[in-house]
């Protein structure tokens, strides 16, 4: 539904990718792991390899979670835009089809920290 | 005619009518379209402004008289509170986190409401409606000012209060409130009335003020009790204005119903998201608790809101679309938000804590179905980490909802173990939301919400490029002083010392 | 346990809020300062107004006047809400007891017919002009920039309403609602009132807050209040045995003197800011003062007849003298 | 059935007002809370000037309620003699 206004209403979003000095935002969350309250933001170049996103973005951020070391990365399943998705760890974010402000989620079967029942 | 014929004395309603709406007239030198240029575009149809019912009928002289009396009382108490070190009668300086949030987030909102009502007080073509809005406008600036004055004394002794004007515009969590009030004041006059006059004042204000003031009373904060009560006495007029306004819109034209209902849906949800902050204040920040957020919701939300929406049903109005989800979430929101605030407390201009055992038992009694199951384990984990000397902090900066600006920390309505992820694409750009209802709000007016200023996303842009230290300077946050855990804070150290000094000096 | 907290003195950690210190240095701030500076959001405004997407939510560019810091336009009365209502409360107490006194002594009945009629004819339609003033000051408050500039405008607007209500009450005493209806009809139809009504309606479409400030608070008030309340009521009518009326309008001349101090200060500081501002304001003054003069001419004539030209000239000159002190040489 | 309520500051000025409300609304429930008295009633509550005047022994203008009023719910109708709160259901 178009906005109702007295004159043409045209604005530019305030966080479009070109404002990020060549980088882009990716939001990451770990399903069923609520010690970390909310999805967190990574600000990385689209050329970054997905494995780097995991190693240098996700792992250091989530250090405090006791489940972190127990993750079997072969069993991990992923969602992008809330749909099942298989990332290629050796490819860049861009080649994995990740766009600015995409939300990715990962699910670790059998691990469930600090959030009660499954 | 003989002017000296004695006229019958007018009753109050009649007198108020000649004192207000009779002052206006039908213009002929300029068109009404030009005089009231904003009254049509929202699509609300008003056929007869004279059908407007003035809720309270205060003439200006009565207004001055009663308001002056309130002001005299307020400042007398405030002065005496300051002169006698009243702050040392607080249950604990920990309590002040609630006041810090209030000052940083809500006080600027009072000012925004003042501006909004001044605009509405000019833009509506009905004199009766205008006067009611103008009175609310002047009341709202009163509230902003009494709050600034009330907190001023605390600022002299405690940290975190010192730069609320800068923090209003820059720090991350205040954008929940800023975006709320900016959203309302950037809307047309009718939507503004539904947003602030009806949804905020009528449906939600009791949830904000009454428990908050009781909390202040329980915790020895006489200054805030006084400003709270003093402000709330104006609020009764404002609530009535909000209710009259919605009835007026609905009675004027059946076409108004879907528009008004849409606004109720939107503003209830925006309001309830904003008030989650109050939930965390009540459940966690008051050293001496009054009632739980859920109990307050039961009384002031379910009971009163229920009665209200029953009353409005005759116009075809149904309860807000988000009502059920809000109701379900009452078992969770205050915990989820507080857990977030605590783990990000390096970035807050107030202190937080892991609740004490006693407090956790209280929470468990108040939230028997959820606290022990979902939230206690996380608090316990944080407590253990802190005891091990490795206090848990979340350095991952949170994704914020494009609409309500909360961190994405709320869970699915029916699954408290799963964060709620919602997203949409508009003009090739992705947007993220905390809930279905925030996403609906966006989808109704995407052009508006794409411009939202999300403080976290801004932090990664020029000029800060993700530099947290630079960010702290920019938001006027003094690391290690304004932020962090209360237990380790200067506020606590000082408060305990001063209290001790008092005891060692005092004569029994 | 209530502890005895009088017994210790604590060194404050800071003297004032940071934004006070940035403006006024490291010293305690007054309540006026705390209540008036920087309360309005300045950065990172979230959304463009749907009512005019070409504006910002708080926008300095909707007026031709340019200020480096709009907070420079402050109120010498140092009114924030509390002193404002306290003062008005005191004043209304005096007015209320006067009304009671006049009513209980039947003083209206003992007015000479000529004065009674004149008061009704001149004062009662002015309640609509006061309502117009209320609209304009509400507008300036709503759309003007910075708290120091705009908060006195909502006080002014409520005063305008109060004055309209006092005039209404006078009307009720003089002859009830019929008389008020008659007065409204004059306001709408009588040729003597049309220039003023046109002035007010033309102001209702001015959307430059500072221009509106000039048109209402400087030009129109600057002529109308001295002419009507000080000259016609307190002088001309009083001499004809109408001092009762002047008791009932006591609020207005006092109010005019008080608010003029503020109005002067605003105009003076804004004009001093730059040549540009001076010229913009001067152009507005020329336009609105001459229009205001024309707008009230017939009303004054209706009241005092022959001497009109002379009296108006005196008052226009007085206003020009006032403006000269503010930096405007005409 | 829906509850209407009025909440007043708990102080010396409101004590006789609360008594008057109880007299005129015998079924109303009076809740004493910190610094506040909240009076709930089913669907309808009436506050009468005359009853308050009997309690305080002087003239009373219902507008004086403003000074100590904290909050209310229900449709408000006020004239010289009464203030009522009601829900239409």
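Just so it is clear, A, B, C and D label the chains in written order, and each chain counts residues from 1 on its own.
Assume a contact is a pair of C-beta atoms (placed from the backbone, for glycine too) under 8 Å apart; a residue touches a chain by one contact, two chains touch by 3 or more.
It should be emphasised that the depicted structure is a prediction, and the values quoted were computed from it without experimental measurement.
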item	value
Between A-B and A-C, the pair joined by more C-beta contacts	A-B
Rounded Å distance, chain A centre to chain C centre (Cα mean)	58
Distance from chain B to chain A - Cα centre to Cα centre, in angstrom	31
Whole-Å gap between the CA centroids of chain C and chain D	38
Touching two or more other chains - residues of chain B	37-38, 41, 69, 188, 448, 451-453, 458
Where chain A touches two or more other chains at once, by residue number	3-6, 9-11
Interchain contacts (touch definition) - all pairs	A-B, A-C, B-C, B-D
Chain B-touching residues of chain C, taken from the complex the two chains share	2-8, 10, 12-19, 29, 31, 34-35, 38-52, 57-58, 80-82, 85-86, 88-93, 95-96, 108-109, 116-117, 120, 127-128, 130-131, 134-135, 138-139, 141-143, 147, 150-151, 154-155, 157-159, 161-162, 164-166, 168-169, 172, 174-180, 182, 184, 187-188, 197-198, 201-202, 204-205
Touching residues (chain side chain B, partner chain A) in the complex	37-38, 41-43, 188, 336, 339-340, 343-344, 373-374, 377-378, 381, 385, 390, 392, 394-399, 407-409, 411, 416-419, 421-423, 429-432, 443-448, 450-454, 456-458, 460-462, 465-466
Partner chain B, residues of chain D touching it in the complex	2-5, 7, 9, 33-36, 63-64, 66-76, 78-80, 87-89
Chain A residues within the chain B interface of the complex	1-6, 9-16, 19-21, 23, 25, 27-29, 31-32, 34-41, 43, 61-62, 64, 81-82, 99-103, 105, 112, 114-118
Contact set on chain A toward chain C in their complex	3-11
